[in-house]
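After this come two complexes, each holding subunit A, first together with subunit B and then together with subunit C.
So, the complex of A and B:
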């Protein structure tokens, strides 16, 4: 029996982290067209932290949500348009209704891995509107498998049609993935998914471990374009999945073309695993912090690696970007 | 011309309750329903309205709930009836009840499992403390004849067999199941009050229901399937499509509850639900056929193969035989009525 894997591609969302949320409407149009041509099932678009997140706190996006979503909608015909939604950043009245009216098909409602409670209203609303709703547990390395199952079960009850855990820090080894995905598959009714980051060079391996443990949804981006060390490189993932006998519905050659286009048109720099990304992964720090850490560390002349270590010690999570400056100032004081 | 929602519901009550004069013993009596503005409370209110309308029995109804404004807005055809009173009260803080109460149906507390997982302490407190507050207050009522405590099928624990669940069944109990355990301790409280204070209590263990007044957003398969179908599909089966459930229609439920209140045996526990099993796969197909044959059914599941098939269907022999009850609405009729009701405009607009 051919096993089907649902691929969601956040090149135009997680990739926005990699360019400090400066993707242009034209770039969105170019990649959306290429991904649609390749038959990518879900193309996720928006600010790196999702709908409604553009702010001084986490970074101002070049384009507003409406422009990004309308542009993508215009260039997607086969692929579904997806968004990442963190309640708090995105409100139902101000953001979600408008996004659905623009024509968003898939909404992935995300929370920190121990705070699924905040997703109830958003998940419920998306289902009420007849759209696809998924639950996403971010920074999942910070909670044991049993807690992830409890939180995921809440999302399932709230209406999630699938639960994706994110290795937001790129901290997992395959054994971690196997333990957590297996527990989730056993504990949930709905399909389980995995979103990797590549800080330790494990993104493709971890994604494959996830499906071997029962996951049915994987995230990947062109050239791995995403926060920090980047995500699972989608064209590589498709190649490996095809070789292993999995079906994604994506045209491999056209996916390679889309990746080439993405490299040429939207990436100032192709993601690589920089030294500080390795430390970030080991410390378990949210990949979306990398631009901020680099900038502030440089400004105050402290070692980024020390900043990541301390952020890891403090168990800082996405949305707490203001702690970075606090950590840097502490290091400056200690240096004196 | 489309009928009004309340006309549809009135017709349903008529179909479920063929002889409203059966309830002549309730004439001029007062029935209190806690959690009175929920699914059960609304259907009982509709059935009492029907009985009063046909028999001029003047049965008084007190609906006690935290949110009575919603009922007033959504149920204007009942809210202004002279025999109906609405009392705003958190069951946990209940102290005294009107002295003229003759019957109580204790239905307070939501079966919505989203609330149970999000607010487990509130859930536990509502069922335990709320039940104790009610029973203390009930013990001081001079004219009290009977109390029905609405429990849950979840007190039975998991059923791994393919047999319908009898009232004596005891399955695998999970102490972390807040709702199930809350209902178990509430039943224990009822038995304690029956023994110590001689309160005339009957336990009802409901299974699944369908019908108007069930919010289609509640996290239950039949509600979501009907909603999906009304929205134009696809119908999404989340999890194992072989899961077995059964559904009793709202007006049948109300008729069965009132009959239990009338002639049920004090100290007994009765299942309340439909004995007709259906798999979720078959249910989805039925809804597709009845509501919109052109829509798609899709299955989203974490597993390809399941070791066990969940089977939550009551054996209803005890309640139907001893109280002479039957299911007046088939599943197909229930689906049709529920769909039509949800597609109709609200009573206010008719």
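So, the complex of A and C:
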């Protein structure tokens, strides 16, 4: 049994969600240095929504992609530099070529869990350029295991060297993770990975369940820094994996140091599980909705928990934030 | 299969650890009212170390036991009022009689996991007085399952109507919980319960594992408010239990309200998992040691992580804080 787990650390990418994409070049330099020192295999950097995503619509990043990637590149020696790429945000010509030229080592091409098709050209391009390419299925709780396997098999065909499913809404319990990871491991030749969010307090437990179900890749961030209730807390994950006999190559004490540094230097607050995170996790709604839901619910004096439930019923995904106002208006009418 | 889970909420007792026992009567009134409104079955109140524990040695509480219990009693109508009682801190004559006279409904008599003997008189007295009595085995990670069963059986014999094991150091992984709870469920006639801490990010997952292994009682606190890395976050636990088809009698939305109120009114900070919590959890050291470890390690410039590891090797328990200085001195000598 192979006991080695590949860790990818999106503190400087998913964490950017937690600060409205305002991470500074200096903060990126500081954490990249600490993570490199700890031996983190892959350090993912960028706007919360990945390469080319900085915009009025999803949020303007403080630093542009070039600055973020060049800064990280300069401070990583052992660690590989990774990026998150959603085709639609990131074009090959404008964004991807430049990123590879800066020296990105690992590209994760991501789509909604039922839209693997859109990743074909990007995955193919990265492989042609001789860089590592992974496929990512976001909001994976919205598709049954059989569909995830089909979509992942497409990505494998396009050249993905591994498939990571994301629990973008923090909706999974361990039994869900077990079912989906097992199906993917059985249906794919390439390694499978898992990216958790902590809305239901299960990020570490779900990550461990993924490994016990055959996954070989896990994502985690310092202090869980990330969207909404946060990600899997990496330094906790390392501790638990080590105790269970798994090997990550990360130095545990130095990872604790890196997370202390991250807490002090880059995090205005450490993620905790607020009431709205629990409700959005239960409803399976992406945390990117939260600030809009809070604002609009308050404005029209409806219970934001009801808004999340209805959004969950309507199976909304990122980009459909306009539906919030529709749901709120329906609730206002019902109240009358 | 009985799907009902009895929830006991020590926000106003274990949470007192998080504020050096400085909860005010007003704060107790506010949270007790909210928890009662949510239908929390048992609200546990008092000094972090329980009845009669306020002292220079373990920390002086802001309010005395009578004030805390009378205040809570006045604001609980549906919820039962519970207390944590460690014989040695709490005497029958001075403390327990008075607490029962104030109207405490549920008494949990606790000992170190290998010292159930000391609970006999207290458990017997509570049963004589016709109140609910439970036995609690603290620091339960320090004894093998067979020993826990023996100790729990003693408590059962003394009249305990249920046995709760505490993961006081936050040292358990789900496999540990499964082993111990299964053994206790098989070895006892009375219901078994579990009280978690979140040092390894496993409080919710471990609590669920306890239930799946046959436990019928769980402890949880609003936002996880409690010693060290905190307890099982109650409002998250309720969400997960409901989704899994269990029934607690607690209104989920009102529990979210209660936790929002707790966050706003009683918690200076929400518990998060700091580096030292991970290390103390791995080492199996009670979180009560943490402030002393930090202070003495800093004073003598040794790595507090090494101090925790050595304290874990020496299997220290609460009350043995003097050993910290001994351990630190050994590390100083080794450094030279």
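Everything that follows uses one rule, which is that the second predicted complex is superposed on the first by the 305 of 336 C-alpha atoms of A that agree within 3 Å, B and C clash if a C-alpha of one lies under 4 Å from a C-alpha of the other, contacts with A are read in each partner's own complex, and residues count from 1 in each chain.
In the analysis below, contacts are C-beta pairs under 8 Å (C-beta built on N, C-alpha and C of every residue); 3 or more make two chains touch, one makes a residue touch a chain.
Quick caveat, the model's predicted, so the values are computed rather than measured.
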Please indicate which partner A:243 is in contact with in the superposed arrangement: first for subunit B, second for subunit C, both, or neither.
-> second
Identify the partner contact of A:272: answer first if only subunit B is touched, second if only subunit C is, both if each is, neither if none is.
-> second
Should A:39 be classified as contacting the first partner (subunit B), the second (subunit C), both, or neither?
-> neither
Have a look at where A:103 lands relative to subunit B and subunit C in the superposition and call it first, second, both or neither.
-> neither
Residue contacts on subunit A - larger count, subunit B or subunit C = C
Check whether A:117 is in contact with subunit B, with subunit C, with both or with neither, and answer first, second, both or neither.
-> first
Show which residues of subunit C lie in contact with subunit A when the two form their complex.
-> 173-174, 200-205, 208, 223, 232-233, 235-237, 239-240, 243-244, 253, 256-257, 259-260, 263, 270-275, 278-279, 281-282, 303, 305
List of subunit A residues in touch with subunit B within their complex = 117, 120, 124, 127-128, 130, 153-154, 156-159, 161-162, 184-185, 188-192, 214, 216
Which of the residues in subunit B end up touching subunit A in this complex?
-> 113-114, 117-118, 217, 219, 224, 227-228, 231-232, 236, 238-240, 300-303
